[in-house]
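To start, I am sharing the structure in question, which I have written as structure tokens.
In order of appearance the chains are A, B, C and D, and numbering begins at 1 in each one.
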Amino acid sequence: MRSSREEIVDFLMREFPQNTCVIQAVGNGSATVKHEIGTDQLRPGGTVSGPVLMTVADVALYVAVLGEVGIVPLAVTTSLTINFLRKASPQKSIVGVCKLLKVGRSLAVGEVALYSEGSAALVAHAVGTYSIPRKGHPDYARPDRGTSKEIEN
Amino acid sequence: MRSSREEIVDFLMREFPQNTCVIQAVGNGSATVKHEIGTDQLRPGGTVSGPVLMTVADVALYVAVLGEVGIVPLAVTTSLTINFLRKASPQKSIVGVCKLLKVGRSLAVGEVALYSEGSAALVAHAVGTYSIPRKGHPDYARPDRGTSKEIEN
Amino acid sequence: MRSSREEIVDFLMREFPQNTCVIQAVGNGSATVKHEIGTDQLRPGGTVSGPVLMTVADVALYVAVLGEVGIVPLAVTTSLTINFLRKASPQKSIVGVCKLLKVGRSLAVGEVALYSEGSAALVAHAVGTYSIPRKGHPDYARPDRGTSKEIEN
Amino acid sequence: MRSSREEIVDFLMREFPQNTCVIQAVGNGSATVKHEIGTDQLRPGGTVSGPVLMTVADVALYVAVLGEVGIVPLAVTTSLTINFLRKASPQKSIVGVCKLLKVGRSLAVGEVALYSEGSAALVAHAVGTYSIPRKGHPDYARPDRGTSKEIEN
């Protein structure tokens, strides 16, 4: 069952307060998120740091997956590959546009195009996979507890 | 010409104040960095977020490259692939151990093993590539200016 | 200077006789290649083997790059990432559609969508990078010699 | 339940006759395979083609997985990332050494180091993931039928 943008925004605010991306759109197997760029997001050379771009890619995937399968908080990244293509502007927000390539019962795969806001020149391109806990599995709808607990290996 | 750990720590403090990793060791084509984990680094499920692990991998690569080729601030990530293997403890620092696989004249490739401090169970594994500006190239020793400038496409 | 499909077909026949893909189209930063599937291309489970899909992706990239920069025989793959999404039909040819994401002076990046001929369901998705020797570099227009020679490290 | 080298060699001869790699060793979460290099395996520039290296990486992973979990013919590659580091000798066999990083209930991750036989200089490095059908799942022990059948999406 799908989620609307409002439901996902609400979920992120409650359970993922560390998130610094803004959801611009979600639906139809896609998602668009945005991240403002300030000095904290830069690296030597005055361009947006790789980790910021990777974060935007990862969140765009997460949001697209939630939009497609519903609020499944413990969907987790299993892999990500990113190619950095051009320097991003230090003065523009980063926009990540995710398109899901496949959503299976337990794995979703999507690609993300990353841009400096207002420019059509691709800054980076990522492909990532997300693992989706099965319905009925204890992980399916478990909220973020934030307390210490057993680490599952 | 190689760099010592002290030279790299000093460089990062001056030119990369956004960096949140601590360099534990560098040399011999390797580097070890550490990142403390607090609530800001967590995600739903109470485990370390993917972006934090990607950041540690990227910084470990950067430090290993600088250790091998000298302080070349504008060495930049060209690609990164990461596989997430196990949940990291929300209560331990993340340790990233980078081993360079090849350092060419313009490209370096390395792999990074990521652990929860004190545990030998691999949390994630990354392989990344860094582009190294050539000596004589205007980008070779240019410090971080942090001002607005032309974006090179 | 770009190459036409005929020029690339001719080049491959002369210098890359080991190639088993057929070029269907090339131009505009793209290329489409096809590979027939027989018993030799299958693996346990009666589906197309991963290596065949990887080969099609790699050749699609090579052809797209040659189409864009001209016949530069020693353009070589520097990296490839592929995600396998669905089982390919053992009875259909594999079609690979490459779209270049960026063509720089020394590096090209492209993505390849792989399908069973006649089906719109993505069988696999790849992203690869190609290194392009510079004009003037001895490697730029050197044909395939096939003789023993020094290996450049 | 693990498999011995002889069991895997025997299985490959029966169910995977298309395989052109020779298993040198398997066990302890590792595997070593070898592929002879002749003109068919070369590409323009007289070096071993990318697809041959990708094939060796993929087979090394498959063998390592079978060695670890037993003969599960329908274990399939879900992803592979390879970085090409140095030109391989056109006159030496390619050796692939796989080390599994994690073997879970349904997914295995491993890395493969590829060499020209007799040389310690890494020719390429790959990381791949394999999906392992669960025991009890109809796919678990199904042999290769090689006949036309329904494609599972």
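Everything that follows uses one rule, which is that a contact is a pair of C-beta atoms (placed from the backbone, for glycine too) under 8 Å apart; a residue touches a chain by one contact, two chains touch by 3 or more.
Remember, predicted model here, so these are calculated numbers, not experimental data.
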item	value
Pair exhibiting more inter-chain C-beta contacts, B-C or C-D	C-D
Distance between chain centroids, defined by C-alpha means - chain B, chain C (Å)	32
Between chain D and chain C, distance of the C-alpha-averaged centres to the nearest whole Å	21
Touching two or more other chains - residue numbers and ranges from chain B	78-79, 81, 83, 86, 129
Topology of the chain contact graph, where touching chains are joined (line, ring, star, complete, other)	complete
Chain A-facing residues of chain B, complex	15-16, 18, 39-47, 49-51, 54-55, 58, 73-74, 76-84, 86-91, 116, 121, 139, 142-149, 151-153
Chain A - residues contacting chain C, complex	81, 83, 85-86, 101-102, 109, 111, 122, 125, 127, 129
For the chain B and chain C complex, residues of the former touching the latter	78-79, 81, 106-107, 129
